[in-house]
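You will see chain A twice below: alongside chain B first, and alongside chain C after that.
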Partner chain A sequence: MNIAQSIREFFLRNGMVLGLYLVIAVTFWILILIVLPQLYMLDFSFSKNLPPAKIGGPEDVHTLEHYEFFIRGSAQNTAAFNVVDLQVFFRTLLAAAFVTIFDLALCYPIAYYMAHVAQGGWARLVVLSLIIPFWVNEILRAFAFRIMFGSGGVINGFLIWLGIVDEPVDFIRENVALYAGLGYAFILLMIFPLYNAVESLDKNQIEAARDLGSPWWRIHWRVVIPFAKPGITSGCTMVFMLSAGALAAPQILGGPSSLWFTQIIYQWFQTGNNWPRGSAYAVVLLASTIVFVLLMMKIFKVRLGEIAR
Partner chain B sequence: MSADVELDDVWIKFGEFVAARDVNITIKGGEFFSFLGPSGCGKTTLLRAVSGFLEPSQGEVRIGGQNMQGIGPNKRPTALIFQNLALFPLMTVWENIAFALEVRGVGKAERRKRADELLELIALSDQGDKMVHELSGGQRQRVAIARALAAEPQVLLLDEPLSALDLKLRQHMRTELRAIQQRVGITFIYITHDQGEALTMSDNIAVMREGVIEQVSDGNTVYDHPETSFVASFVGENNLFSGRVTEVSDGFATVDTSEGPMRARNALKNGSPQLSAGDSAYVFVRPESLKFANGHAHDNTIKAHINQQEFEGHFWQVFMDVPGSDKTIKMSMVNDGMELSHATGSEVSLGFAADLAVALPEGPLAAE
Partner chain C sequence: MRSDTILKISVAVFVGAFFLYLFGPLIIMSVTAFNSSAFPRVSPFECFSVEWFNVLVNDDKLMLGLRNSLFIGLGVVLISVPIGLAGALMLMQISPRVRSWYYTIVISPILIPGVVLGISTLVFWDRLGLMFNADYDSFFYNGIFLTILGQATFISAYSMLVFISRLQRFDSALEEAALDLGATHVQTFRKVLLPFLRPAIGSAAVLAFLASFENYNTTVFTIVSESTLTTVLASKVRYGINPSISALAVIIVVMTLFGAGVYEIMRRREEAQRAASTLIAKAGDAAAVLGRKRRPVYAEPAMIILTLVFVAGLGTTFFAGTVGVDQCKVAVKEEKRRLAEERIKERKLKSMFKQAAPGKETGSKSGGGTGKVEAKGTEGYKSIFAPQNLEGQVESDEKPAEDKGKVDAKGTEGYKGIFAPQNLEGQVDSETKATEEKDKIDAKGTEGYKSIFDPKNLESQSGTNGSN
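For the complex of A and B:
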């Protein structure tokens, strides 16, 4: 089928009004909201940080200095690498991966319960109790976590009352509050893709495995998880991307000594007043998270098309 | 190795609903046993109680003499073949078959070897490395059987496994299933609503209605000596006449029907005749037991009017009205090469032997 024919069929199928709306809306969405801003950022990241007067002047040339700065640090830096920023960068990716695994471990049983164990009303109750807390806005939720995990918070109070610890544990400094906050913030993005995937599995498959003598863990390992792999990938991708790119939760819940990479980006834009450098850092984060996700998909043998199921 | 399966006073209730009541059945080891009944009669529920997916509300399920209470489906010596087969779509054919061995920790080489043996048994020798979706319906069917047999069950449970196949394949698979059962020699318990399947394959059949076992016997007996009106109306085709018993003698009953008095066998249950004079009764006559009287003497005769005649190859179906009643009578005649002796629209006299008809107490009938 040639292109002209496909276009004609598209309009015949959807009608003129809906067809035009779809074309315009999708073009606007992709071009104006996604591609252009990112291209702009990309271009920015290769520009010199100049005062407004000099923009467009002879000094306004493309440069790799911001990327170089990310790797090497400033000219005064005596070390071989920009240790501080690189450390924050890798720690952020690692922490985001940890949050993702934590969410997966937490959500898989819940999704399985909702899909195959809970009877009618219970499943709906679980869904509601998962969704309703998200009516509370992100900042408020983060501060609530801060109070809860604080030295005078309920968790420390409870641990001391139980006699497990004598002194309050500094959950903020240890980043426990941050991981918990991030994990909680993206829980729905993990549960629903998992639920969708697990739910479409034929119950007879589970019973057949059981009937053939399989213990419960092997049923999950050999039957349920392979089937749910696209949903697992889709959930993990979203949680990982959003955790690595989170800003509010690390600002509020992060320990004083540990920065999140987004905070560094934010600092370059705001306090550092160096937008090109901030852009370069943002591009590094975006590119590396995409590469990381594609790598994981390769390892677990999931194709991009399957995620969209 | 095969094992007896005993259902002893089994009741299964879901809240108020009774899915199976007072079921007492002994299935001998190595037998091909069928539960036959319309959908919703509780036969699948009973099968699930044998496989361990549900526990009876009351009574005992024993396999090989051992009470199965509290023993889960993964620990019972049974294997179940599901109605939709439930093969694992993300495993190859041989991995499907060897799953039960994988569960037991058998090494890969040994698993593959055993899978290949089973593939040979089901005549799919070189298909082991294919994915399940690459096989045809009949091949998948056989893979499901092999997968269940790999678990070396003493009892194989089959939940209407042929219902998804087309007619030709279904008939072929009947023969094949029976052959496999005889080769492996284990007990088969087969669930079906298709009397043809039950009659062709089974050593014994339990006919079920609304959670109750109506009759347990071999196929011939179920067909020729039904014990209840439900069995007579559900298994095979039957013409039904209703009336009141006027006289019983020598194992026969005379029933006064609106189509005239009819003499038929007084049906036995537990060895004793069920009808006595004055009872409301049904007389059942098979289409193939009816003959054109053609002036010969018969135990029973009915006047009828030929409405329609259908040619079905090896037999004719003749549909008739009875003047003065709304009854339609169906008669089957073997196509023996002779021309039809009576034209559509003609008045005829039908006869049948008292021996080939059965009189039963009035009771529930199978839905049309």
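For the complex of A and C:
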């Protein structure tokens, strides 16, 4: 099967006008919007930070300095590693993993409840009410958490009223507000893949397990969870990627002493004025998240097509 | 049986807690929008007011951002819906060998962090602009143009997914039939495929617009020197907050609720129609279907009720929020004043008691004031003999009490009894004790009082007060 023939077939099947529309639209999308910018960003991350006049000149050579900076730190740095940035990087990944696990633990029972316990109009209402918080702007959601967790906020008021604490707890500094806000932001992205997976499970399987004397937790462990694995993987992947790449919530809810990795990237662009270095950091973020996704797919044996559903 | 009920109860509790987590923040935020307090909070709830909506509407920056966001949203819809449709149609035709590669590439923008998409778009077009020697006014550096492209990158993938799920139910025999009957490809596309896809086009457009409207991560990089609603909001929230942002959230929540209601009604209607048509098809009586006119969505009874409730709620809220707000505010101010005065009276009473009691207690009180009682706390007493000053203190007392009520108020407590000569000794005594205890109340504070009866000193001190 050669290419020329298949192209001719393609135009025969779609006609000239439609064929051109398809080809142009898809090419524009893949090349101009997706692939070339990514490749150029990769290339750009290897270039020096030069003023526009010098770009293309003799000084414009490829260099590894930005990646070196990420690992080693500046030339004046005496430590072996760029402790600050690396720490932020790993803490971000760890915190994102934590948020993912939190969301999974929260959403799995709800997804199961929606799919197999709730019935009729009530189930429908539950689904609808899940969507509503999702359409409220990311920044407004973070703002709501800031109001709630502030020193004069509702949570502190409640805790003081209960007598658990005497002084307001600084939830913002302790990053509690940040984790709660991030977990909140991605509930929907966890719950719907889970729901889709759990819902297609045949109820007879659950009943069979129950009839054979299996307690409820073993039914989940041996029947429901193995069945819902693609959904679990896809939900976890989405939540992990999005929380590792979140910017608004850490900016608004993050404690003053802890940064998110995206905030460092943001700083290189906005205040540091070193775009190549920012690009290099962005490449690091992209590469690490891709590695994570591939790892997840390998471990749980799911394909990409099943993830992005 | 017993464990079963326990399980049921715990499930109910879990679901309840989940929805509390889901809606609690939104409800609290919405409540703060109607509180006249300048800081967004629920308690103390001062006055029910809609003034923050006025503040919101009169915020020029926010309104400019909103206009830009609407424009960008429209641009994104116009770009990403056709691209998504093309992407989905392409996926249906492409040979299986290439398909998985193709799918991986076009779906990847969903998984790539938004920050990375924004950065890559920004540096790519920056470079292109440089290559073409473009002006800084040209579109290569235009934030709105870049934002539309950057957002369209991943929003196209969203709309593609919408189209794919619809296309899976498409019967391609229809298309073949049209072609066999002599229709051109374009005609077939317009008369067969597009009508079939119409609901999908609608939902893809809505999804694209909403996704664009609320996007921040990509936008913040590509927007350059322009602004959108989200970037304005983010900078507002980061540098000081006021309830007008809550007011915006209320508007969005209400609009979402309304949209969800409309969506639900439309879905029910469609379902009912489908059920009716299958029923009629079974009965073989098509006349009834033809005879019944299709009511437009807005004429649906449920829809009318929803709209009425919506408008009525809006009306009463605004009526209640504008009428009597000023009165209420005055009342709240009065109330605060009264409370402050009461507090002072109480303190006076207390100090009367303390006169009789040994000064020990007073000292421990003032010392207990978190050890921060320093110059600030004592400031007030220097001219405590001047009667007109006492009033001023009442005034100033109001503020710290409102703020945190922490140090200052406490600090003054001990000194009210300072008029009584016999108390003075006790106080000096206690003051030194407190110094020992807390060591933060430095000598400065106590120094002033030792010679407090010295007339010379009195004059100079009231002088300093005057300059205050």
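FYI, the second predicted complex is superposed on the first by the 273 of 309 C-alpha atoms of A that agree within 3 Å, B and C clash if a C-alpha of one lies under 4 Å from a C-alpha of the other, contacts with A are read in each partner's own complex, and residues count from 1 in each chain.
Keep in mind that, in the parts below, contacts are C-beta pairs under 8 Å (C-beta built on N, C-alpha and C of every residue); 3 or more make two chains touch, one makes a residue touch a chain.
Note that the structure is a prediction, hence the values are computed from the model and not measured.
Label the relationship between chain B and chain C on chain A in the superposed model as either fit or clash.
Verdict on chain A: chain B and chain C fit.
Looking at the overlay, does A:L64 come into contact with chain B only (first), chain C only (second), both, or neither?
In the superposition, A:L64 touches no partner, neither chain B nor chain C.
Please indicate which partner A:V83 is in contact with in the superposed arrangement: first for chain B, second for chain C, both, or neither.
neither
According to the stated criteria, A:L20 is in contact with first (chain B), second (chain C), both, or neither; which is it?
Neither partner.
Check the residue A:L33 against both partner chains and state whether it touches chain B (first), chain C (second), both, or neither.
A:L33 sits against chain C, while chain B stays out of touch.
Is A:L94 in contact with chain B, with chain C, with both, or with neither (first, second, both, neither)?
In the superposition, A:L94 contacts neither chain B nor chain C.
Does chain C touch more residues of chain A than chain B does, or is it the other way round?
Touching more residues of chain A than the other partner does is C.
Once chain A of both complexes is superposed, is A:A105 in touch with chain B (first), chain C (second), both, or neither?
neither
Can A:L294 be said to touch chain B (first), chain C (second), both, or neither?
A:L294 contacts neither chain B nor chain C.
For the superposed arrangement, tell me the lowest C-alpha distance between chain B and chain C in Å.
The answer is 5 Å, the least C-alpha separation in the overlay.
Residues on chain A in contact with chain B in one complex and with chain C in the other?
Comparing the two interfaces on chain A, one with chain B and one with chain C, no residues are shared.
Under the touch definition given earlier, write down the residues of chain A that touch chain B in their complex.
202, 204-205, 207-215, 218, 222-223, 226-227
Going by the contact rule set out above, which residues of chain B touch chain A in the complex?
Going by the criterion above, the answer is residues 51-53, 72-75, 78-80, 82-84, 86-91, 99-100, 102-104, 147-148, 150-151.
In the complex of these two chains, what residues of chain A are touching chain C?
Within the complex, chain A contacts chain C at residues 1, 6, 10, 13-18, 21-22, 25-26, 28-30, 33-38, 40-41, 44, 52, 55, 106, 109-110, 113, 117, 124, 128-133, 135-148, 150, 152-154, 157, 184, 187, 216, 237-238, 241-242, 244-248, 251-252, 262, 265-266, 269, 275, 278-279, 282-283, 285-286, 289, 293, 304-305, 307-309.
What does chain C use to touch chain A in their complex?
Chain C reaches chain A through residues 7, 11, 14-15, 18-19, 21-26, 28-29, 32, 39-43, 82-83, 85-87, 89-90, 93, 95, 100, 103-117, 119-121, 123-124, 127, 130, 149, 152-153, 156-157, 161, 184-186, 189, 210, 213-214, 216-217, 220-221, 229-230, 233-234, 237-238, 241, 245-246, 248-249, 252-253, 256-257, 259-260, 263-264.
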